[in-house]
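Once you scroll down, you'll see the structures, which are given as structure tokens.
Two complexes follow with chain A in common, the first pairing it with chain B and the second with chain C.
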Partner chain A sequence: MRKRNRVFGHTLTIYLRLLGVQLRSQLQYRFSFLLDLLATALIVLVEFASIALVFGRFGSIQGWSLGEVAFLYGMVEMGFGLMDLLFSGFDPPHFGQAVRRGTFDQLLLRPVNITTQVLGSALELRRLGRIAFGAAIFAYGLQHTAIVWTAAKVLYLPLVLAGMVFFFGGLFMIGATITFWTVDSIEVMNILTYGGSYVISYPMHIYQNWLRGFFTYLVPAIFLNYYPALYFLGRPDPLGYPGFAPFLAPVVGAGMLLLGRAAWRWGIRHYQSTGS
Partner chain B sequence: MDVTMLRNRLSQTAAERVQVPAVRLFLALAGRSLQRHLTYRAAAVAGLVTNFFFGLVRIAVLLALYGQRQEVAGMDVAEVVTYSGLTQAIIAYISLFGWYGLTDTVYSGEVATDLLKPLNYYTFWLARDAGRAGAALLLRGVTLMVAYGLILEMRYPAGAGQWLAVAVAALLSWLIAFSWYYLINLSAFWTPYARGICRFGFVLAWLLSGFLMPLRFLPEWLVRLAYLTPFPHLVNTVVEIYLGLLQGPALIRALLFQGVWAAILIVAGQLLLKVAVKRLVILGG
Partner chain C sequence: MEIIRADRLAKQFHVNRHHRGVWGSVRNLFSREYRVVKAVDGISFTIDRGELVGYLGPNGAGKSTTIKMLAGLLVPSGGEVVVNGRIPWRERREHVQGLGAVFGQRTTLWWDLPVIESLQLLKHIYRVPARRFQDNLETFEALLDLGPFLDTPVRSLSLGQRMRADLCAALLHDPPLLFLDEPTIGLDVVAKERIRRFIRHVKEERGTTVLLTTHDLADVQKLCERVLIIDRGRLLYDGNLDTLQQQFGGKRELVVEFAEVYETVEIAGATVADRRERQVTYHFERNALSASQLINRLSRRYRITDLAVREPDVEATIRRIYEERLLE
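On to the complex of A and B.
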């Protein structure tokens, strides 16, 4: 047991040191970093503004106010942004490049856990801009909704965020594993990751059945944000799922991460390199 | 050696040898580029699937906003569906999500040989982008519109005159878009961090072009602000002409505005390049 703890401690030290390297290298060019940070934040701001600005004309989106949409939207920007920051190394286009160039093979030769190395191989700090503006949108949502806060809700909120980080992180791992064979990232994964995060930024009862069904049964993203939001906002469930549905977020997230880990481990065992 | 000097000397000797009209060079470059981009059909299909999917979700959101309303700000349901399809179809054609081709060559040094070519630097890039845009229009634009047309109720231009106007507007839209990207890409001559600067230029275009939402849905002050920039002529003008929302004098005026903006951006690009080239230092090796 003690030995295992020591190994874990060692791995953690290496992970933190790798992140430190990323941090230093990206902060080397301060101006560049600042611009990238602002541009990334601006993307979030502009996209949300486009919704907010037309809301005046429409009043609501099938019964949901702008504040309630901001709650959903802000949660996704924070959750997905955090995931994008932590799992940058597994981002399929980025990882595919490592497979293509053979730099991934170098990592395999090092006597350190491969997952740790990939996680530490990139840390897209500019995502902090996205997270910060996501938090601002979320704060706007809180101001314009009358959430009755209870201890349970306060404790559950971070778990919902963790659910999203795990869920999309798991999808990133699956996407990265696929590049072992396709070399390039496959576009279908974008539909699940970026498409999924886009779909769950809106109250999901607005979608047609096929679309909602896809993100309920095939990729259960509906439980990550929409159902928790129903619970936080104290709204009745228009779809009639069991009462525990709002509390599935961490379970669904952890499940996807485990699936991603299993795929990744299987992929590593069968990886044959591109020879470049 | 100073790049301008080298260029002058080389172009003189080149001029003595052969006189190839710029138009022929342009067409040859555009043709090659078109061929090259038509080769990546699998990538185009993959991109198509994503564009198609996002379009459907955007339509769902817009229709949910419409709710029971039949018409909002002069756009009915079929028109707003067509708007969504068109905006998705135009993404690849005018590289709405970003183009950093020129900045990459500045950092790799290729820019030196490109500047020596016996063709105006802007025209050289325009030709290459013409091929890319043509391929994108065929593989991703038209296919996407056909796919949406098969499953959704959409509007189409009425008659040859309107189709012609759409074609002219789409051509000018590409010219404006490219000239704008060229302009912001030139920032690479000044800074090693052009990507961040360029990203600003793209994000602004998303909102002000009417790509994220039809401009008529936005508050009036913002629309007025948008029309002080070239951006509405990237997407909104094309869409409104396609839907027949601009007719007669309004249509002519819109096309004229597009032409003027294209001219302004092209001239600005030529002037900026003159300053930029003076700053360029190419390292040997």
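On to the complex of A and C.
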């Protein structure tokens, strides 16, 4: 037990040191960092402005106000951005390159847990721009909705964010695992990650049944954001799921992360038996 | 005491058949056609502690597959391998703690970090005690002349500087075993010599076991007492470099400068390979007669002003072994 604790402590300090390396490395390129930050922030802003324009025209989307959609949208930007920051090392195109260039082999030659090393191999600081503007849009949403805050809601909010980080992090891990075999199929994963995060930025009752069904039963992203939002905003459930549905976000997130981890471990075993 | 034991070690890969074109890429998704490539085909050898062994073979012979299995990156598909008393892939972390590796083509250091910070990070990764780290760093700094670029980011180093930094990084945690894959590739003569001196030091002063793969046979000639030669996944030769030379070294050369132009210069035991006025080149077999015997025979008949004996070089020997398949 004590030995396990020591290994864990070592792993954690190495993780933090590796993140420190990423931080220092990227701050050497201050100008390009600022440009990147600006660019990602602009993208978020333009995307949200285009939504706001639609609202200017129609007033609401199937009963949801701009403020309520801002709540949804801001949550996803923050959650996905945070995930993108922390799981940069598993970003499939990035990881696929590490495998092909042999840098992944270099990680396997070091006496530290391999998952930790991949997590510490990249930290895309420019995602901070996305997170910051997501937070701004979220704040706008809070101002323009009348959420009745309770202690439970305040405590649950970070868990919803964590759920999204875990969920998309798990998908990134699965995507990274696939690159052990092929880099051609990354697009399929993009549909789930980027497509999924886009889909859950809107109130999901607006979608056609097949699309909503896909993101409920196959990839249960509906529970990550839409259902928690119903709870926070105090809206009735138009789809008639059980009352605990809004509280599934952390469970669904943790489930996807576990699935990702299982795939990842299996992938590494395969890699060690075949090379690339 | 053996540190590496490979017993009928084998690795085969399944290479998927690739179909071309649009229809081909659709077929690739579903096709299970493949052919089996035997990258390493049952090789056995042992390496003792403190040995410096050259591992040679043409491209695609199975060298890097072997090294990857010894390093624990690949799981063998047959046979056994034990390194440092462990099965490499089964206990990866414990195994790599006792291993240093330099792959000449890529660096283990962090690209944007000054060299010294990379080394300090590795100190934490390998849990090197502070005192030990300091001692080792001082030693390597002096031997490899790291001082001038310790504070330079790795991305700005020259190839030779990077290789020296990588060598230092691979040895900070005192591994008993060091894998060097093409450590002198792309370097100039002076830089090569410095690296060789360092490798010799590591073997002699620290007792580190070194397994060296290289295309530069000068490395082998200057460093290794023992070589393993592999081709097409099979071990062709395991032994002394001198013995290899004697067995397969081909013909020695004697270049003679005579005092005058003789009409016939034929002599028993040697063949005339080249003749330019007073200068004649003879080829003779090492096993048939010695250089002094030949010189004796010649000087009895002709007046000689100058002569030189040329040994066949290792490079030519090994090329001959590959090309003429002498060892199969």
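Points to keep in mind about this one:
Rule of thumb we're sticking to: the second predicted complex is superposed on the first by the 268 of 276 C-alpha atoms of A that agree within 3 Å, B and C clash if a C-alpha of one lies under 4 Å from a C-alpha of the other, contacts with A are read in each partner's own complex, and residues count from 1 in each chain.
Just so it is clear, a contact is a pair of C-beta atoms (placed from the backbone, for glycine too) under 8 Å apart; a residue touches a chain by one contact, two chains touch by 3 or more.
Worth saying up front: this structure is predicted, and the values here are computed from it rather than measured.
Steric overlap between chain B and chain C is absent once the structures are superposed on chain A; the two fit side by side.
Once the two structures are overlaid on chain A, chain A sits at the apex of an angle of 80° toward chain B and chain C, using CA centres and rounding to a multiple of 10. Of the two partner chains placed by the overlay, only chain B lies in contact with A:V188; chain C stays clear of it. In the superposition on chain A, A:Q272 makes contact with chain C only, not with chain B.
Residue contacts after overlaying the shared chain place A:R101 against chain C, while chain B stays out of touching range.
When the two complexes are overlaid on their common chain A, residue A:T150 makes contact with neither chain B nor chain C. Which of chain B and chain C touches more residues of chain A is settled by the count: it is B.
Residue contacts after overlaying the shared chain place A:S32 against chain B, while chain C stays out of touching range.
By the touch criterion stated above, A:V112 is placed in contact with chain C alone, chain B being left untouched.
Closest approach of chain B to chain C, taken over C-alpha atoms in the A-based superposition, is 6 Å. On chain A, the surface touched by chain B in one complex and the surface touched by chain C in the other have no residue in common. Across the interface of their complex, chain B is touched by residues 29, 31-32, 35-36, 38-40, 42-43, 46-47, 49-51, 53-54, 56-58, 60-62, 186-188, 190-191, 195, 198-199, 202, 206-208, 211 of chain A. The residues of chain C lying in touch with chain A in their complex are 13-14, 25, 65, 68, 71-75, 77, 89, 92-94, 96-97, 99, 101, 103, 105-106, 108, 110-113, 117, 121, 124-127, 153.
Considering their complex, residues 46-47, 49-50, 53-54, 56-57, 60-61, 63-67, 72-73, 191-193, 195-197, 199-200, 203-204, 206-207, 212-213, 217-219, 222 of chain B touch chain A.
Within the complex formed with chain C, the residues of chain A that make contact are 10, 13-14, 17-18, 21, 24-26, 28, 101-103, 105-106, 108-113, 184, 272-275.
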